[in-house]
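Each structure below appears as structure tokens.
What follows is subunit A paired twice: with subunit B in the first complex and subunit C in the second.
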Partner chain A sequence: MGVEATAQPTGLVRARVAGFARRRFALWLLLPALVLTLGFYVLPTVGSYWLAFFDWDGLGPVGGFVGLDNFSRLLHDDSFLAAALHNVWIFVVLLVATNTVSLGLAMLIDRKFALRNVYRAIIFLPYVLSPLAIGFIWQVLLSPSIGILNPALDAVGLGGLQREWLADPGTALWVVIAALAWQWNALATVVFLAGLQSVPGELRDAARIDGARPARVLRDVTLPFLAPAFTTVNVLLAVFAFRAFDLVYVLTGPLGAPDGETLVMGTAVYTTAFPTGQFSSGASFSYAVAQGIFLTAVLGLAAFALLAFLGRREKRVL
Partner chain B sequence: MTDLDERLQRLVSRRRALQGAGGLALAGLAGGLLAGCGSDSGGDGGGSTTIAAWHEHPELRRPIEELLTAFHAAHPSISVDMSYKPADQYEALLQTALVGGAAPDALGFLGAARFRQGLRYATPVGAKVDPSRLTLVAKAATVNDGKVWGVPLASFTVGLFYNRAIFAEHGLEPPKSWGELMTVARTLQDKGVTPFSMPAQDMIIPFFFYMLAVTAILGETTVEDLATGRRKLTEPELVRAAQLMIDCQPYYNKGFAAVPYVEGKALFAQGRAAMIIGGTEDYAGYIDVNPKADVGVIGFPSPDGALQSTVSGNDIIYTINKKSPHKQQTAEFVAWLASDEAQQIVANRIGVPVVRGVTPTGAGDRNRVEREFIAAGNPAGIVWLESDALIGCFGVAQRSAGIFTGSLDAAGFAEAMQRAIVVSS
Partner chain C sequence: MSSEAARIPGTATAARRRRRLRAFGSSLSGQAVLAIACLAILAPCWFLFVGSFKSVEEFFASPFGLPASFAPTNYRGAWEEANIPTALVNSVVVTVASVLLGTAVSCLAAYAIARLRFRGAALVQLLIVSGLFVPTQVISIAVFIEMRQLGLLGTIWPLILMYATLGIPVGVIVLVGFFRAIPRELSEAAAIDGATPWRTFLDVILPLARAPMMTVAILNGVWIWNDYYLPLLFSTRAELQTLPLAILSFFGAYSTDYGLVFAGVVISAIPVVLVYVLMTRRFIAGVTAGSVKG
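Showing the complex of A and B:
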């Protein structure tokens, strides 16, 4: 008894020491990445936040302290608020599309059929492409000068549907959303597919043997197992939708043509910091920083709210 | 490379420039000891001196070296060591060098607004430049309190380009009034030709269209009239300029509101549109897209046809760094830039000359177009971007694309533009 009593704590201590050594080794391995991330990403980003409280055009000496003026200006900036609303629209539409179309596609390509891997590659292709390339593809498709969609519609007798897709205030934002959805669908489908492949086949088989119809199997067996995938996809979607920039920039320019109808927060921040064209003046870097902080806050809020909601749901269903 | 690529590169470059400002300052301090102050075997007193200068267009190296060779021939004791900086990094580099005390002897500022901001680093050129010989745009930018503070290397001019082949094919003459402009546009459209290329995604061309239309009404004193508040863009006579942009809308290229500047230029160069607002520097771009492009240029017509206006702005403006140990030699160089000899090289090889009476002498379409630009300006107004009072109009124009979607009428557009003007007392 006495021997056991002394041996047990010694074993525990050894195990703890070994665990600590392992953790310390892991920390050492992480250190280079941590230093680089902190030094080149986190610190410069957070370190520039103070500029939002000063007046600075981006070059030359920093001007006077303006307190919360830049944030107050932001709340009265119709153009920026409209841009934020466009981001919300993008998020909402993509949220619906992701959880229906992408999920449906994932289920389709989860089945066994000929050339399945080719279809999977085609669906994943937009995610591999640079957003700039995607923007140019959609431009080539829709451009009023060189676009192929309108002539194609005409050729198949649907000439009445021809539009100036990117110039029409009624369609421009939808085109941007469609392009973003095309790009986003690739990742969402693959994540859902990975989730589907983690559903134990025997559970589905058992449900079927017990007489459950396909819809019931989907609702009570497949979807609960997909909960982690839903969380991942939807949180990443929030990030994707609110930080949209490059694809939108290529498609409709830094001003969100036509007439700001496709302006998003990303392009608004960029245009404030770097006004368009060599003739521009009046850059306000400090206001752009304030816009960037707002964008980060909105993005963070959306992502964490989704994470909390979907995380709770995950625990409930699994 | 497209404009878009350039802008994205500018974003990256500028960010890098800003983030690396500290490093650049240190590098500038070190480099300044080697290059910024030039080399000297005789100081201000005589001997051979090399002065340093920067330029923002490496692609113009050849004609500029030709210019510098001519200067050295005229001033054998002075050489100019020209360093070519990428255009997208030029301002950040110069700013850093100025703050770090490592700027070159001859300071080059991009445009009048930057030049005025940089005057605290400069010293006047002296009496070697006769201000009365400078063109309106050069004089307005460089003469302050009766002193000439600098000399632009060249200027640029913006007018109305037209496709000569299309006009000839349809028996049309370039329009001289707004009525003729509309008639020509209607005729071209009836014949299946797109009359105007009006890329409005970034609102650069529409802004120049509006500026030219206003200048054609107000004449050479447009900038002064608006800056002092003598005239207002909201006056009914001037609201017509904004209305003209709306009235011409049926004659613009398809989907123009979403077409970027570079694509609009390509449309015109390819002969897919008959007219476009463009500048002297755009001509090379048209030829780049279509070497056979047969274009001419006219001034933008006034409503009644009495005037045809162009607007001009300055390219890089050189002045003397007041910290330079070679102020006298640098003054020689800057003053020489305003000589007929220098400006003739500028006219033939670089851009629009900044002294009166100099025109391109060479043959070829480039010089013909440049001569047309010089002849077209009656009035030859000043680009609003050269004026501290009017420079904000561009940003407002970019946010006023509603004039093409119907959310803003002509009066509303004019009102927005007027609000952007900082009227001096």
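Showing the complex of A and C:
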């Protein structure tokens, strides 16, 4: 008893010392990541973002404070709003395709058969290919002179549908979306597949033995277990669709040819900050930053909404 | 197999036969759909591969037939014309260095955030993860100015530092999830045995973290290897080019000689595809880790 009484205060002191040491240890561990993050992400972000409230062309001295002018300019800039709308289109089409085609492919692979690992490896292949390679392939595939699609249409008697797919205002955006989908499907399918493999086999068997039809098993056993995979896939999709840049840039260039039909926010920001083509109206770096802030806000909003919606669903089903 | 059938012979076998028939039918159509999907993925890759052996005339004569010969003429041409030897070395150095640096610092930070209770841990995590939402194009001018101030322009350090930094958000997300899942008793037992926090981390926790660190390395390694945006900004001299940029500028110069350009694209894709083929399981396990809660 007496021993314990004397041991208690020293125990407390020791705990407090340990807490102090732990916090100092935590600081040391955080230090390298914080130095890099503060130095090469936070500092340049802050250093760029304040420029949105000033007038700066990117070269000379920074001009005067303009308040929210760059943001109101953005709301009246038809070509930028069109670019934002293209991002929304990309997001919506991929949202539908992902949760039907990719999910369906994952379900087809999630059965025991000899070639399943081969199929899985092939379906994931586009994930490791560079946007540059994918862009080249698609560009040449659809080129009117040496591509595949036009001769193929001709061969099946649909020669009337032939066109310059990437130059036609009616089809260019769809080609870009198709190329993005081709690349995106890899990750989506594999994440869905991992989700499916987390469904306990006994549970499905039990439901089947109890006489549940396949559709019922799917709805009441499989889909609830897939909830976390749905969240992951769709939030990552929002990041993919709204930050799209590399592949679009390779396919249709910084101006979103033809005539801005395939401009997305990523390429719009780049073109405003670093105007290259002869159609650009001169650099306005501070305006590009305002566009970038808008992009970040839209993406954050979409991701937050998806997390709130799918996260709640996740809690409900588990 | 036989217990069910033995009980109710006639009905059970009939039902099973019907079920097996239906399973065969659905799997047959399922196999067809999968085969078509794989064809849609492989056909463009095949087109790229056979195209890389064709001369300009062959391309126009038969765009999707086999080449006349598989002689590596285009490959030799691309290797010499596209600055590939230098770019290959740069790509390897930049990718390896930035992946090692980024994974190491993410690991340390993630352990602190996940396991060492301190005030502001959630805030630090939020700050780091928010990096995912900022488009690189916006911060690139400020980064450029900063690198000039640091005297790092004209070296490959801007690429290594930027890629390491941009890889931290993913690293922290994956590794925080992993460290949170390790039972606390493990580190507490080590502490009771008198190990310092540093020893506990190095000897007890780190060996367990090998697989998730591999995941982080793969996730970041793939996009760093394939990225051409930052090199566009910082590789101002030919000696600093990475593979994607070398191919991109090569494409600009030889845009009509498709065979030559395709050979360059194939060369740049070979290393990552090779690693992928050798480690398919690791890649797939990697990208799905943490995405699906057990």
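Throughout what follows, the second predicted complex is superposed on the first by the 275 of 318 C-alpha atoms of A that agree within 3 Å, B and C clash if a C-alpha of one lies under 4 Å from a C-alpha of the other, contacts with A are read in each partner's own complex, and residues count from 1 in each chain.
By our rule, a residue touches a chain if its C-beta (ideal position, glycine included) is under 8 Å from a C-beta of that chain, and two chains touch if they have at least 3 such contacts.
What you see is a predicted model; the values in this text were computed from it and never measured.
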{"item": "Partner chain in contact with A:F113 - subunit B first, subunit C second, else both or neither", "value": "second"}
{"item": "Subunit B versus subunit C as contact partner of A:A167, first or second or both or neither", "value": "first"}
{"item": "First (subunit B), second (subunit C), both or neither touched by A:S145", "value": "both"}
{"item": "First, second, both or neither for A:L295, with subunit B first and subunit C second", "value": "second"}
{"item": "First (subunit B), second (subunit C), both or neither touched by A:R23", "value": "second"}
{"item": "Which of subunit B and subunit C A:P44 touches, first, second, both or neither", "value": "both"}
{"item": "If touched residues of subunit A are counted for subunit B and for subunit C, the larger one", "value": "C"}
{"item": "Touching partner for A:G58 - first (subunit B), second (subunit C), both, neither", "value": "both"}
{"item": "Partner chain in contact with A:Y270 - subunit B first, subunit C second, else both or neither", "value": "both"}
{"item": "Contacts of A:S130 with subunit B and subunit C, given as first, second, both or neither", "value": "second"}
{"item": "Shared subunit A surface residues [contacts with subunit B and with subunit C]", "value": "44, 58, 132, 145, 270"}
{"item": "Complex interface listing, subunit A residues touching subunit C", "value": "21-23, 25-27, 29-30, 32-34, 36-37, 39-45, 47-49, 58, 104-105, 108-109, 111, 113, 117, 119-134, 136-138, 140-141, 145-148, 151, 182, 187, 190-191, 193-195, 198, 228-229, 232-233, 239, 243, 245-246, 265-266, 269-270, 273, 285, 288-289, 292-293, 295-296, 299-300, 303"}
{"item": "Complex contact set, residues of subunit C against subunit A", "value": "27, 30-31, 33-34, 37-38, 40-45, 47-48, 51, 59-60, 63-64, 104-106, 108-109, 111-113, 116-118, 121, 124, 127-128, 131-135, 137-143, 145-146, 161-162, 164-166, 168, 172, 197-198, 201, 222, 225-229, 244, 247-248, 251, 258, 261-262, 265, 268-269, 272-273, 276-277, 280, 283-284, 287-288, 291-294"}
{"item": "In the complex, subunit B residues that touch subunit A", "value": "4, 7-8, 10-11, 14, 18-19, 91-92, 95, 113, 200-204, 253-261, 263, 267, 272, 385, 391-392, 394-395, 398-399, 401-402, 404-405, 407"}
{"item": "Interface residues, subunit A side, partner subunit B - complex", "value": "44, 58-60, 79, 132, 143-145, 164-167, 169, 172, 249-250, 252-255, 257-261, 270, 274-277, 279-282"}
